[in-house]
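Just below sit the structures, each encoded as structure tokens.
Same chain, two partners: chain A is paired with chain B first, then with chain C.
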Partner chain A sequence: MSIIFDHVTHKYSPGTTMEKTALNDVNLVINDGEFIGLIGHTGSGKSTLIQHMNGLLLPTSGTVYVDGEDISEKDYSKKMLRSKVGLVFQYPEHQLFEPTVVKDVQFGPRNLGLKPLEIEYRSFEALKNVGIGDDLFDASPFELSGGQKRRVAIAGVLAMKPKVLILDEPTAGLDPAGRDEILGLISDIHKKTGITVILVSHSMEDVANYVDRIIVMNAASVVLEGPPKAVFTYAKELEGIGLSVPQVTQITRDLANKGFEISPDCITLEEAGEELLRVYRQRKGIPG
Partner chain B sequence: MIRTKELAFDYIRRDEEGNVESVTRALDDININVKQGDFVAILGANGSGKSTLAKHLNAILMPTEGEVWVNGIKTTDEDNLLEIRKNAGMVFQNPDNQIILTVVEEDVGFGPENLGVPTKEIWERVEKVLKSVGMLEFRKDSPNKLSGGQKQRVAIAGIMAMKPKCIILDEPTAMLDPVGRKEVIATARELNKKEGVTVILITHYMEEVTGADVVFVMDSGKVVMTGTPRQIFSRVDQLKQFRLDVPQVTALAHDLRKKGVPLPEGILTPEEFEEAFTRACDARGGAI
Partner chain C sequence: MIRDITLGQYYPENSIIHRLDPRVKIVGTLVYLVSLFLFKSFWGYIPTMIFLFSCIHLSKVPFKHIVKGLKAVVMLLMFTLICNIIFTRGEVPLFEWKFIRIYPEGLRTAGFMGIRLTLLITGSSLMTFTTTPTQLTDGLERLFAPLKLFKVPVHEVAMMMSIALRFIPVLLEETDKIMKAQQARGADFEEGNIFQRAKAMVPILVPLFISSFRRAGDLAMAMEVRCYHGGEGRTRMKPLKYKGRDFIAYGVQLLYLAALILVRIFLG
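Up next, the complex of A and B:
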């Protein structure tokens, strides 16, 4: 299922003195099954962009096509769209409210009007996919740890069986191990189910480790897009808009500039480690 | 400035009749000593007790066992509660929960007004603190128009206007983008250096603590490591056990060291790494 943005502009409070352009002529194609990292500083338009993908917002001008259909059409079903495009907000655990974990996860599918057995099946599957064991199914969501709550909230969206999963900073407020767990989980879900994943993140290191393609936003426009390696060659441009490249990318680039024969575009810790080890051994005449 | 002795704290859960259901020891035998003018960082996984400790440092919580002194006053001394809160101000994670008035300068003046500071002096303090956090030009603005980083700086200014000897920042950057994060950390450093304010920074971002004088690492309610950032980040494997991490550059150096490249432990910045790596490559005598 693809999502296409065709000359999409979105203005908040159009025609008033408060008018603000949050998206300015955005053209974008998101293909089926991609793992995308969406980056940009606060106010760059990321949230406005993702809210167009499930019809929470509609373009002021231009068109958003989901699965080939214009979502602004009068008889287009927003309900169906939202079951296809699942959005996990920041701090999603604040939205847990049912008395038990399993009931909370079933809330979405129940609203889709599914049969009880199907609802049950989907909730169990979703909880299993996020690594919540059946010993916790009947626990109150409020008794869980921060990381567990967040996983339950993600399961609630997965239980709708979306074709596209959008996560707005899913690791905010978690400790480093918790961050790795959530990102690992999302990556597993992507691999296992093949759904499209759009990860909004402030961490260049995380984006470098997991995504196929990065979309960079600044001042209401998409300013860069491509595979992480390609995007991170624009270190100066990224810094100019308040972003950065991973530390290891900075190091390999600096060393290449200083005359080391090293590939300047390492973006992950493993890659940079191997490359630096190779260079060191070469210099010392140690067989690799 | 701040001292704790054998501090312990229990969260007690009670059922409807008030009978004790469970007791969770959140802090256990904490002995710390923070000197006036220190920049102290506290690291620890979610649930390790960091925030519970912070809440003891300005008498929001009282010890179950042991003692806490702030500027020579015991926190259990109820007559001096105001004095303690004046000396130790707290900034929380979400800036939106801390800003209450509709104009920046009025919000900053709220604290000193409650302390009964004369009006003329309030305005002098407001001007001074807004200048020191770099927000003077926004003094007449509405806080809800500011970015997260700017709001957090206003919250810090509001605390500074009460002339505390110590500010406690409890994950002040968790909800901010990289630019906002840098702004807030730079502001805290500046206040520490120029005004001599003691800073206690609680965070999950390892890069933010590299400039601290002392780092405490907490796990399961205990302080398990104490040292300079270099000493702490030299113990990569131990930190991982506590669900923490090290800056990416520190991890890179650690991995290469394990594979025989002679790099020192505890490298904290890309510049240090590049220098050490160049030295390792240029050193005579081949492999070790």
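Up next, the complex of A and C:
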């Protein structure tokens, strides 16, 4: 399941005074099984970009290829595309509607026209995968906490067994603990199933620990892409577009600039801790 | 897309019409609507059109934008025209085919109705193009203030109206997002017979209702913590005050009415 963007431009309300270019000549390749972080300031076009991947929006000009097929073709099946590319939107409140959690998760598979037994099996499996216990299966989705709602929404898409899972700002509005839980969960799903995962966020802290590749958007264009360490070497440029490198990276970089012999591009807390210990021991002459 | 509906949405500009007191524009629109029904001959269209086009010109709202707004009601217009053409009976039919007979009288009435409706819709949408919903409700509240003597809750109704107007774009945007979220899960709103389609609306309506109730609750709470308790003793940040230009505008309206009455008397 590769997704290719070839000179894709998207305009909202084209030809009116409200015309707005939300994507400007975007070129991208997303490979099978990748874990990608899509980062950008609010309004940079992230949500617009991902809606092209499952055909909710079509390019104003340019082409999007999914599995080598042009999704703008007249006889291309949107339904099939949406079963292959699962998209979880930012607000779970926008999709939960059934009286019980299980029924809501079954909405997707039901739309695919699967057999009742298969539907049931998939919904239980998906809920288990997102860590919702069976005591909540028959609860109303509206009674759940914010984090739980988000999990149910993710399960609702997972139950369709997509080959690509896209999550639009899944951590927005969660407390730090809830954020880490959701991110850990997404990372687990990626490891366990091996599907392509695209994680949208406006915070580097969110994605740095987990993803293989970061795509940075600014003002309707893709401005940077590469593995986290490579992207973080552009700290100045990132700051210029309202993004920042993770705090730990910033600290190790500042230390390196002050003359400490520390590697300047630590991404995770653990990595930075080890580096600090190493430098400390070296200075004190303590053998490691 | 559902968001692209322009019918009557405020068009920001800085024109004399935009700056007029909303009361002048409301009264002016009423005067205009009434004036459209004052005459019986085609002559009457000359002053009504001159008046409307001058107002459009002064308002700086592009003509294209106004025409685009009309597109939304084209169906309604066509329906009225066709009914008029088919169902008006006269003496000598122009054209006969099976049970359909078309008379010259029918064409005439249809022509009249068509122009009248177009002018009527354009005239009233010009008011909403040039007046923000807040101004509009402020104006209505002031115009209807005398009704308070008869215990009509004018302030409350005006407040309800401004809240409703304020939330239309928000709810449209929300509907759009909900539809997308459900489509992402394979929902299909275009296919199937009428029952299947009606059923397909449930996944949109439930989240929409729930979020509307939530928003209403939040708003009520926010109003209450700021001590809102209805219209009594409430003052305004920007009280409506007539300026010189507003009196001139009233004068122009009077002249326009007089001109139309003259047309009616002398040309029928």
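What we mean here is this: the second predicted complex is superposed on the first by the 286 of 288 C-alpha atoms of A that agree within 3 Å, B and C clash if a C-alpha of one lies under 4 Å from a C-alpha of the other, contacts with A are read in each partner's own complex, and residues count from 1 in each chain.
By our rule, contacts are C-beta pairs under 8 Å (C-beta built on N, C-alpha and C of every residue); 3 or more make two chains touch, one makes a residue touch a chain.
Just so it is clear, the model here is predicted, and its values are computed rather than measured.
Engineer: Check whether A:Thr17 is in contact with chain B, with chain C, with both or with neither, and answer first, second, both or neither.
Structural biologist: After superposition on chain A, A:Thr17 lies in contact with chain C alone.
Engineer: Does chain C touch more residues of chain A than chain B does, or is it the other way round?
Structural biologist: When the residues of chain A touched by each partner are counted, B comes out ahead.
Engineer: After lining up the shared chain so the two structures overlap, which partner does A:Met160 touch, if you call chain B first and chain C second: first, second, both or neither?
Structural biologist: A:Met160 contacts chain C only, not chain B.
Engineer: Taking the superposition on A as described, I'd like to know which of chain B and chain C A:Phe97 touches: first, second, both or neither.
Structural biologist: In the superposed model, A:Phe97 contacts chain C only, not chain B.
Engineer: On the A-aligned overlay, A:Gln51 touches which partner chain: chain B = first, chain C = second, or both, or neither?
Structural biologist: Touch partner of A:Gln51: chain C, not chain B.
Engineer: Once the shared chain is lined up, is A:Asn111 touching chain B (first), chain C (second), both, or neither of them?
Structural biologist: A:Asn111: touches chain C, not chain B.
Engineer: First (chain B), second (chain C), both or neither: which does A:Ile286 touch?
Structural biologist: A:Ile286 contacts chain B only, not chain C.
Engineer: Contacts for A:Ser83 in the overlay, against chain B (first) and chain C (second): which applies, first, second, both or neither?
Structural biologist: second
Engineer: Where on chain A does chain B make contact in their complex?
Structural biologist: Within the complex, chain A touches chain B at residues 41-43, 90, 145-147, 172-178, 202, 205, 242-244, 246-248, 250-251, 254-255, 258, 260, 269, 272-273, 276-277, 279-280, 283-286.
Engineer: Please output the residues of chain A touching chain C within their complex, sorted ascending.
Structural biologist: Within the complex, chain A touches chain C at residues 13, 16-17, 51, 54, 56, 79, 82-83, 86-89, 91, 93-97, 107-108, 111-112, 142, 156-157, 160.
Engineer: What part of chain B is in contact with chain A in the complex they form?
Structural biologist: So the residues of chain B touching chain A come out as 44-47, 93, 147-149, 171, 174-180, 204, 206, 240, 243-245, 247-249, 251-252, 255-256, 259, 261, 270, 273-274, 277-278, 280-281, 286-287.
Engineer: Show me the residue ranges of chain C that touch chain A in the complex, using the header's touch definition.
Structural biologist: Interface residues on chain C, with respect to chain A: 3-4, 62, 65, 68, 174, 177-178, 180-188, 202-203, 206-207, 210-211, 214.
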